[in-house]
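What follows is chain A paired twice: with chain B in the first complex and chain C in the second.
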Partner chain A sequence: MNSSGYKIFKFVFLAFWASFVVAPFLWALTTSFKTINGVTSGATYIPWVDYEPSLDGWRNVLGTGSQGINVIEPFISSAYVTIGASALSLVLGTFVAYGLSRFKYRAGFIRNGDITFFFISQRIMPPVVLSIPFFLMLQQLGLLDSIFGLILVYIALLMPIAVWVMVDFFNNIPKEIDEMAMLDGCSPLQTFLRVILPNAKPGLVVAGLFCVIFGWNDFFFAFTLTFTETQLLPVAIVSLNSSATPWWSLSASALISIAPLIFVAVLVEKYLDRGNLAGAVK
Partner chain B sequence: MFTKYKLLFLLPGLLVLMAIILFPLGFTIRVSFSSWDVIQPGLDWIGGNNYARMIADSRFWEALQRLSFISVASVLAQYVLGFSLALMVWNQVRMKRFIRVLFLIPMMTTPVIMSVIWRTVFHESLGPANDLMNLIGIGPVAWLSTETMALVSVLIVEIWQWTPFMFLLLLAGLLSLPKEPFLAAAIDGAGPIRTFFNVTFPMMSAISVGAIIIRLIEASKIMDTVYVLTSGGPGSATETSSYYIYIRGLRDFQIGYSAALSITYLVIMIIALTVIAKVLSRLVTEK
Partner chain C sequence: MSIVAENINLTVDGETYLRNVSFELPNEDFFIIVGRTKAGKTTLLRLLAGLEEIDSGSLTLDGDDLTKMPPWERKVGMVYQQFINYPHLNNFENIAFPLRRAGLPEDKIAEAVNKVAAVLGVEEFLEKLPSELSGGQQQRIALARALVKDSKLLILDEPLVNLDYKLREQLREEFKNIFNDQRERLVIYSTTEPAEAMELNGTVIVMHEGEIIQIGAAEEVYNRPANTRVAEVFNDPPMNLVRGVVEGNRIHLNQDVIMALPAHLQNLAAGRYTFGIRAADINLKPDAYAAEVQLGEINGSETILHIKLGDISLVTEQEGVHQYDLGASASVDFDLNQLYVFDNNGDLLFSPATNSSFEKAMQDQEKDN
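Then we have the complex of A and B:
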């Protein structure tokens, strides 16, 4: 595919897609520096040319402005929940994945494949189906509107992802390595912790990144299971959206919430070439 | 041998997941046979009344149809666009990493947060979308306030958000392909189009099916984007199943009825997605 016609088409197509991808971010970025004049006179784009930039939006959401909107506290709560749930899911999921990859389980008609399917199939479950029982369950446990309650719920959301990525990853580590370690006198647990886990770092990173993305991006459970005590970032920003929050504050808060994910994108790209991602789907 | 260790690895995770998922699911099934609502909370037994009411509830079935349309249309568009982009970037050398990271970013960003931004983009008099429409001479479009355009807006946001996922998986697939078949095709003098249809596409069919199924599963749950972008409106023009069940359950507090809707929705999704997965996998293995 080296004809110049194709090259031009490819360039135009990639340029078009790149503009489509960045457009909402650039729009949010420029909007975050506007004041009332920059917004109400129709769409404006370039600071100093189209409108007079100001830092009001950023001051507002960082808690130093006149409006007293604060996204720092929800940001920290979101970080606690995401990191806590991802870490627990990764630990539980990695153990399960190693077991499913190395041992044969049978209980009645249930085999390894069925257990793996049970974990992965949880992704089919629409959150709304579980929302009412989760609500009542956390209410009974006194965990409604708390960080710990959300972590518990997010484990159900994230552990299947960890199991899914790690089963495939362990299957690609030759069993001979385990056998060698056991010949040297390691118990299965020691083999797993000392020999296999250090070799599984790339898989753990990919699984961890996916857990973090899905945890950080969840809205529905945070929205239905927390109210005033605990507020996660997406819920805080959506509630700003439904009240009469000016666009500049809204844009600044949206950008703050998205910023950590840009780093995650850079990390995910690093693992693209190493073939860890394609295997999981095949 | 190793029974103790076998269980040590599997049980903690399995028990936690079963406790978090199966108990609530069983509870939802039981609640779906009760008249639990805001006036009379509690588990009574009214048999299949909720299910009978559901059969006559055209709003529920319309939401299901709409969901099917949105999922299938957006996933197909994501597949075609994602595959095209992956093919174009595959052998790209200049600015390779920058382009890849850039194209991945939308799928990493929070759907509700992006919907908040897209809402301002689609604003009819103050947003840039209509500014662009004016520029190319189409004139202002009522993005979120007419039925058809609201649906189109939801599709645009879905495609923007999730084409990167297809791009990621298909590019990873392309990068893991062996080189020999391409050399053989080049020696045979096959042009780019024939190489694609006879070599690349068949080798990519398994991963394509995998990626499409994963996306359909995720798309069948669409709710966040709709909630922020259109709140299901105008009227119920963009209401999906999840959103309708949410309204009945956690807004109107008709717990029993929404549980019946939930269970039906879940069963239909499991059947539909299993059938689609089976059919697509068979298409691949027959080739």
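Then we have the complex of A and C:
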């Protein structure tokens, strides 16, 4: 295929794909401004032309409307849990990954590869297998239905991701850089903090992004480990779905729940495509 | 300061990296480790830097056990074969890094960095990142960082091997000046190329399969290789070694290749020996020994011929370009005054009385690179 033909193909394909990705958002956006009449009177898309827009959906989920559920409090709870668990997972996981990448461990038949696999294997198990042990453990600790308890559980879920991403990333930083730092007067901890971490920024961003996405979107543990005191956003949104579903409120809250991830993704995008290890070793 | 090693052994996963290595390195000298790939050069250098642990033996610095001292306390500067710099720091900060770790004040750091940058000709790149520089410039930054700090020991592990020919020549010339001026620290340099060792003009340590096989001035090692292994490692192409018998004032290499004992070997008793002759001392000459050409390589302005005299395989080096087909016949003669004799253990017995000029050898080997 010649290059201009390829360019046209690429453009058409990407435009087609983008419409697939963007369409549901537009649909949710337009639905969030509808009332019951707008939703039930057939397919309508353009406000003021197809239907009369209303802010009821948004008022309901933001707690200023006549009905519905306030999602502000679950939003804040979700933010606490996601940020807390992601940050701790990233810190712990980065240390673990550096150790696994640079030092040789052995305990009986266990080697570095086995330890790495142990972390990843936490994600291989279906979550439902973990739910009962987690429930019992949190019950013993008196941490059921609490933000702190959820943070502990989420660390168990997110840290494997951080370890996985960071081990691979550290393995790609030449060991000679560590050695050079030590010869230049850095202790092992200083080597890690002053030389390795600054060079691992893209890896940290990717690992952090994964943690935030998985943490923010988790429904299963948020649902099984909380009752009345604490409610996270995914659970709050689902609870809107009663017998007469308020599609306008549901759409508004869905958009509210997606917004932070889009914001984070845009924020870190510039770090994701930086080959800033080029020049370390030629 | 002096570093003393005694009977150091290092084995990893059944593979021997160092075997009974002993040496004494006094301060303020320039040492060049010469050996082929896998001879243990890098392992020995890493050991001195504290990046490798030994199985047995001792390594001391002025009598203190060096093996207990972690690398960050050793005050060692090191330049790797690869161009290792800190990718996240610009070149000024790269060079300044060890000085910042040592807690020097800002004005002292700037002064020292600018001074060493001027010596190495990298002042104009200080604001750039290492990744924005060419290989040779990156290696200069790495060298600047090793030179800038107050190190007692400067280690260079084949620093020129990844550079192209022109740059290598240029940097080698600069190294020679820098390291021969640097008499306040111990400099250890490793290379696979004997020519590099000869040009750099330091004390040569020849290594082979994890052992040190000779220590001496470059000229001494070249003219009087302690044994056959040094003769091979310290010549490029390796010295030809042929087993032969001395009988009635004649050397019999095989039934057809028989020659008279040259003047410097008149005292050689009858018996079996290993004879050594450099590729450059075997010359094409009509009506001499008949040989068959196995392979001809043209290397710059020289031709390297792999030839066979009956069952004896030899390598010769000829000035100029000579075209030989595979299996072509040639006639060669030996410069018998340049004949080396080794005993059956491979140790040197006799070396030529008049050495073919060391300077000429350097130039010859230069051209090969």
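Simple rule for what comes next: the second predicted complex is superposed on the first by the 244 of 282 C-alpha atoms of A that agree within 3 Å, B and C clash if a C-alpha of one lies under 4 Å from a C-alpha of the other, contacts with A are read in each partner's own complex, and residues count from 1 in each chain.
Heads up, the rule we're going with is that a contact is a pair of C-beta atoms (placed from the backbone, for glycine too) under 8 Å apart; a residue touches a chain by one contact, two chains touch by 3 or more.
Owing to the predicted nature of the structure, the values given are computational and were not obtained by experimental measurement.
S.K.: Which partner chains sit in contact with A:187 here, chain B, chain C, both or neither? Use first/second/both/neither.
M.R.: both
S.K.: After lining up the shared chain so the two structures overlap, which partner does A:86 touch, if you call chain B first and chain C second: first, second, both or neither?
M.R.: neither
S.K.: By residue count, which of the two partners contacts chain A more extensively, chain B or chain C?
M.R.: For chain A, the partner with the higher number of touched residues is B.
S.K.: After the superposition on A, what does A:42 contact: first (chain B), second (chain C), both or neither?
M.R.: In the superposed model, A:42 contacts chain B only, not chain C.
S.K.: Considering only touches as defined above, state whether A:226 meets chain B (first), chain C (second), both or neither.
M.R.: neither
S.K.: If we overlay the two complexes on their shared chain A, which of chain B and chain C does A:198 touch? Say first, second, both or neither.
M.R.: Touch status of A:198: second partner only.
S.K.: Going by the contact rule set out at the top, does A:179 touch chain B (first), chain C (second), both, or neither?
M.R.: The answer is second: A:179 touches chain C but not chain B.
S.K.: Taking the superposition as given, does A:122 touch the first partner, chain B, the second, chain C, both, or neither?
M.R.: Touch status of A:122: first partner only.
S.K.: Looking at the overlay, does A:251 come into contact with chain B only (first), chain C only (second), both, or neither?
M.R.: first
S.K.: Once the two structures are superposed, pull the chain A residues common to the chain B and chain C interfaces.
M.R.: Touching chain B in the first complex and chain C in the second, residues 187, 277-279, 281-282 of chain A appear in both lists.
S.K.: Could you list, by residue number, the parts of chain B that touch chain A in their complex?
M.R.: For chain B paired with chain A, touching residues are 2, 5-6, 8-10, 12-14, 16-17, 20-21, 23-25, 27-28, 31, 81, 84-85, 88-89, 97, 99-106, 108-114, 116-121, 125-128, 130-131, 160, 164, 168-169, 171-173, 175-176, 192, 206-207, 210-211, 214, 217-218, 220-221, 223-224, 227-228, 241-242, 245-246, 249-250, 255, 258-259, 262-263, 265-266, 269-270, 273.
S.K.: Note which residues of chain C are touching chain A in the complex, please.
M.R.: Residues 49-51, 70-72, 74, 76-78, 80, 82-88, 97-98, 101-102, 129-133, 135, 138, 145, 149, 162.
S.K.: For the complex, give me every residue of chain A touching chain C.
M.R.: For this pair, the touching residues of chain A are 174, 176-177, 179-187, 190, 195, 198-199, 201, 276-282.
S.K.: Sort out for me which residues of chain A touch chain B in the complex.
M.R.: 1, 6, 10, 13-14, 17-18, 20-25, 27-28, 31, 39-40, 42-43, 45, 92-93, 95-96, 98-100, 102-103, 105, 115, 118-119, 122-137, 152-153, 155-156, 159-160, 163, 187-189, 192, 213, 216-217, 219-220, 224, 233-234, 237-238, 241, 247, 250-251, 254, 257-258, 261-262, 264-266, 268-269, 272-273, 275, 277-279, 281-282
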